[in-house]
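Look for subunit A in each of the two complexes below; its partner is subunit B in the first and subunit C in the second.
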Partner chain A sequence: MSIASTNRMTPYLFLAPAGLVLAFALFYPICYMIYASFLDWNPSQRIGEAEFVGLRNYFKLFSDDAFRESMGVTLKFAAVVVTIEMFLGVGLALLLDRNIRGMSVLRTLFILPMMIAPIVVGLMWRYMYHPTVGIFNKTLKSWGFDGIPWLSDGSWAFASVVIADVWQWTPFIFILSLAALQSLPASAIEASRIDGASGWQQILYIKLPLMLPVLIVTLLLRLIDSFKVLEVILVMTNGGPGLSTEILSLRINRTASEFRELGEAAAMSNLLLIVLLILTFTMFIYNKAQDARAARLRAVEEEV
Partner chain B sequence: MSTQTYDRQNPAFYALLITLVIMAIGPIYLMLTTSLKLNIDIMSDSSSLLFMPTLRNYETALCDFLWYEPEHLRRCDPTFGRALTNSLIIGLISTAITLIIGTMAAYALVRFRFMGRDVVSIWTLMMRMVPPAVLLVPVFGIWTFQFGIDGSRGGIILVYVALNLPFVIWILQSFIVQVPIQLEEAARMDGAGPFQVFFLVVLPLIKPGIAAASIFTFRVAWNEFLLANALSDRNSRTVPVTIVNSLTEFDIDWGVIMATGMLLAIPPIIFTFVASRQIITGMTAGAVKG
Partner chain C sequence: MPDIRLQNLRKDYGAVNVIENLNLDMADGEFTVLVGPSGCGKSTTLRMIAGLESVTGGQIMIGDRDVSKLEPKERDLAMVFQDYALYPHMNVAKNMSFALRLARMNKADIETRVKEVAATLDLTAYLDRKPAELSGGQRQRVAMGRALVRDAGTFLFDEPLSNLDAKLRGQMRAELALMSQRIKKNMIYVTHDQVEAMTLGDKIVVMKFGEIMQAGTPEELYRNPANKFVAGFIGSPTMNFLSAELIEEGGTLSAKGDGFAIPLPDARKSSLQAHKDRQIHLGIRPSSFAEGPGGLKMPVILSEYIGAQSVLISELGGERVAIEVNTVVPIRAGEEREFTVQGDEVHLFDPKTEIAL
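Entry: the complex of A and B
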């Protein structure tokens, strides 16, 4: 082999192992799933034996009240947690963006909830919400109140799940917005201070608008991740009581393992994937637009 | 003596800080203390601050590894010990494989101009968004009926490698871009081949990136439940799977289960304290530039 041809092959040699794994263990399963969503298929059959039923799985899903409810729960959960986390996270970042001792320790402690296993997070919260041994009800009772049915009442269970998620993921928004704040141009903030802007005016008219691109990407990232939440809820409520906390990924898991309807589960996975793809594309296009805008601004500056 | 000076803040600010810290680590602290309590102490109504700490729950969970036989145990249940071994093997091997092939791919994507580079980049970004729940059905079907590797550690390792690769490639790209190309050109002048350049010049320079990527990869493999649950059999179960299995029983032994939870949480906690800077870099890469 000549040197020239080795050189031409090199990138492909470097890419080959990763490409093979991705093709066989990620890309192929996704294609397989799209195909499986058109089948009436249960786990004891080989896929070749499953009957092709066209779009029946999808029609069945859309006329299925349980699926619609679970879709509703998923959307409500995503909207609620992302809103609360954005407000809390950005608010805390604005508040704590100061030159203080021990900031790095604080950040380290804040990422702990994201690093430990979601299963363990669910376990801790389930223990804290426990009707008799849990710390919340123990405290309430020692103050003379009645205990709250944290996980056994539909709307309380939803709130409890939201609280646990807010605990786990607000630090993510906090850390991203803090990084954004600290990379803001000091000159702009200094100039506004000299012009006599108050703290609130600085935040509203200088800091937030400058942070906006980062905030939008953070929001999209968090939104995508909120559709992936599964283990915490599985451990805390397993979707119950009733269907009050059964988000879509839990429903997929149950449809596949309990109801043994692989075709229907695949159809559901497909719908979830489409939602996520739309969000990812939005993010991608937004990033591209931002880059283009930055390039244009630079070009204008150079002309002047 | 550090020369950095800090601004003085008012007391309310520090009160807020302390509240936040308590809120962030309170649940973890509660899990730790519960794992050190006997069941009588857990059930009692009295103050939860005064109790005799005991390692008994950890002895129950880890009885398989102990050189002595704990007196309070009538029969040793090896489930958890086995799961711990499985989790360690699966976590370490999948991390090693992911990093080796991930760095190579990231390097190719950054350094070589070849056809289809942009397409590959976009695909890696898209694949990053695929949640494990979406892979559940197809992976179960393919692993069982086509590859025949269900129920083995190898099968689980393969999914984790695939699941982590896009993220690893994506994050390492941002580190490789910063390696000065002159260094590589110099090495090539001295007669090094592309593989030598990669392993001897580039790899040592992107150590921080590799540290961040390996922590993220290990964490996913160590923490993941759904796919491990679908693909494992009795002998290849990982810790998260055993924890969830013991939860479905009606009567929960909170002391022991918190001890197992704590054992599962310890490695990520150690990583966080050792490498929080790298973790934050990994988290902010992509969203915050610079």
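Entry: the complex of A and C
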């Protein structure tokens, strides 16, 4: 082998161990899951003993009301939390992007919720939502209002898990937006002030459009994450009451452990995986398009 | 267009005082250049006039309006930034029309105005392009265009040419000079480049450490610098400074240093009488040396041949001096030449206060 081709091979050689780990830790389970989704498989059986049923699991899912509802809850949950979080996170970033004494402390405080383990977040909120000893109802009652059935009424329970998720993940959008804001060209914003833009107009016409690439990636990242949320809701409501908060990952969990239908759970996981893959590809394509655009602009610049 | 007055202007950043007490009048339609080394407060002053920096004390009067507490948009001014500060997400036309669109001018008028200004700046072909698709010079022109469409009373320039290469800078400087002739508006221009200051300004304000060292026409500053700093700052190549003593011999005052004595004209005698027999600093412009017989014998240490001129580095009174002479044939280093200096072309400074005598 010539030296040049050895040199070309070197990076792959270094990548090989990671590639091997990836193959075993990622591709093998995925293939396993895809195969399992074609089986009628009970946890007490070994995989070889399970009966091959083809696409029956998938067909069953599409006619399964509980699954459809769970899919609906997941979509609703993702749409609602990401929308609220985007508005709050970007809004907070716009609000806190200034040099005031103590601002750095405040910023650090704001991102704390993100660093708490989801299980702990779930427990924390479950206690706060507790109908009698929780802080919310205690406060409400001390003010003379009735308690709210935070986790025992379907619509309230959905709102409650949304609030908990918003509490935990708004900081994520906040820090990314803040970073984007602080890297904006200061002089362009000053120029807009001279041009007569009010505070709102600066945000609307200059800051937000310039932040847009970061905001889109942030949105997609959060969307992907919100489809996978499990622990917080598991701890808080375990999907109930009824199916009101049973998001897809909970449904999968239940199908596997409670209903003992491993094949069906695998089919659901595959569907969720497809949804996430679509989102990930959207982000990938968006990034590619951005890179291509930047490259084209650079080329034009060198030319002129 | 009103005149602009800065009265007792003060700027502190926390405990640091940048500008202590600045007073400056700018006449209606005047092109004022604020010039000085970095950190002299010229940009801060401009940004205070623009309203981008708060004013710690004193007033900024535009006409008889105190604008020092007003928002930038209420001050009727346009500004060109050093890095152009174009809006990256808008094309050239949108960049130029942004202020007009904010002011809710009607669309047809905006279009005519933008097209008009674009035509004068050679930008018509680029109206649809984004800033990233333009060269440095074109971006610079868009920045100018954005200021021009505004038709504001005052134009502010914050080192607008310093990001351009030397050739383009010269070109843009000429265009700017033409533009300022065409539209007689208040213009305040900040630069650290004294050539820009000299060529563009009706009035030059030389600043140092937040203080005005001298304000006047380019000619005044060049011919009668008020102090050693201005003398050294204005003019290229820079003025030579030598230590000398002021002595009187046979009724004539002369500046005598190590190896030279330059007789001074009688007209200056009365004003210099008080400094007789004292140490002074002598300033001689490189162009004040004239080659000729009977002068000082000076060695040529280094010769920089530029073409019509040469700058020679020589030595006088133990100091390096630069001499600018007209040349046809390059002068070689190592030669010894004779130079005379006329007494009415030298500048004298008090060594302590550095004020011109």
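By definition in this document, the second predicted complex is superposed on the first by the 290 of 304 C-alpha atoms of A that agree within 3 Å, B and C clash if a C-alpha of one lies under 4 Å from a C-alpha of the other, contacts with A are read in each partner's own complex, and residues count from 1 in each chain.
Keep this in mind: a residue touches a chain if its C-beta (ideal position, glycine included) is under 8 Å from a C-beta of that chain, and two chains touch if they have at least 3 such contacts.
From a predicted model like this one, the values you see are computed outputs, not experimental measurements.
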Fit or clash between subunit C and subunit B when superposed on subunit A: fit
Partner chain in contact with A:I84 - subunit B first, subunit C second, else both or neither: neither
Which superposed partner A:A188 touches (first subunit B, second subunit C, both, neither): second
Subunit B versus subunit C as contact partner of A:G196, first or second or both or neither: second
Apex subunit A: angle to the C-alpha centres of subunit B and subunit C, given in degrees as a multiple of 10: 90
First, second, both or neither for A:P209, with subunit B first and subunit C second: second
Partner, of subunit C and subunit B, that touches more residues belonging to subunit A: B
Partner chain in contact with A:L15 - subunit B first, subunit C second, else both or neither: first
Smallest separation in angstrom, by C-alpha atoms, between subunit B and subunit C in the superposition: 5
Touching both subunit B and subunit C, residues of subunit A: none
Subunit C-facing residues of subunit A, complex: 185, 187-188, 190-198, 201, 205-206, 209-210, 212, 297, 300-301, 304
Interfacial residue positions of subunit A with respect to subunit B in the complex: 6-7, 10-12, 14-15, 17-19, 21-22, 24-30, 32-33, 36, 41, 43, 46-47, 92, 95-96, 98-101, 104, 106-113, 115-121, 123-125, 127-128, 130, 132-133, 135, 138, 167, 171-172, 175-176, 179-180, 183, 214, 217-218, 221, 224, 227-228, 230-231, 234-235, 248-249, 252-253, 256-257, 262, 265-266, 269, 272-273, 276-277, 279-280, 284
Touching residues (chain side subunit C, partner subunit A) in the complex: 50-52, 71-73, 77-79, 81-89, 98-99, 102-103, 130, 132-135, 138, 146, 150
Sites on subunit B touched by subunit A in the complex: 6-7, 9, 16-17, 20-21, 23-25, 27-28, 30-31, 34, 42-43, 45, 48, 100-102, 104-105, 107-109, 111-112, 114, 120, 122, 125-127, 129-142, 145, 158-159, 161-163, 165-166, 169, 194, 198, 219, 222-223, 225-226, 230, 240, 243-244, 247, 254, 257-258, 261, 264-265, 268-269, 271-273, 276-277, 279-280, 283-284, 286-288, 290
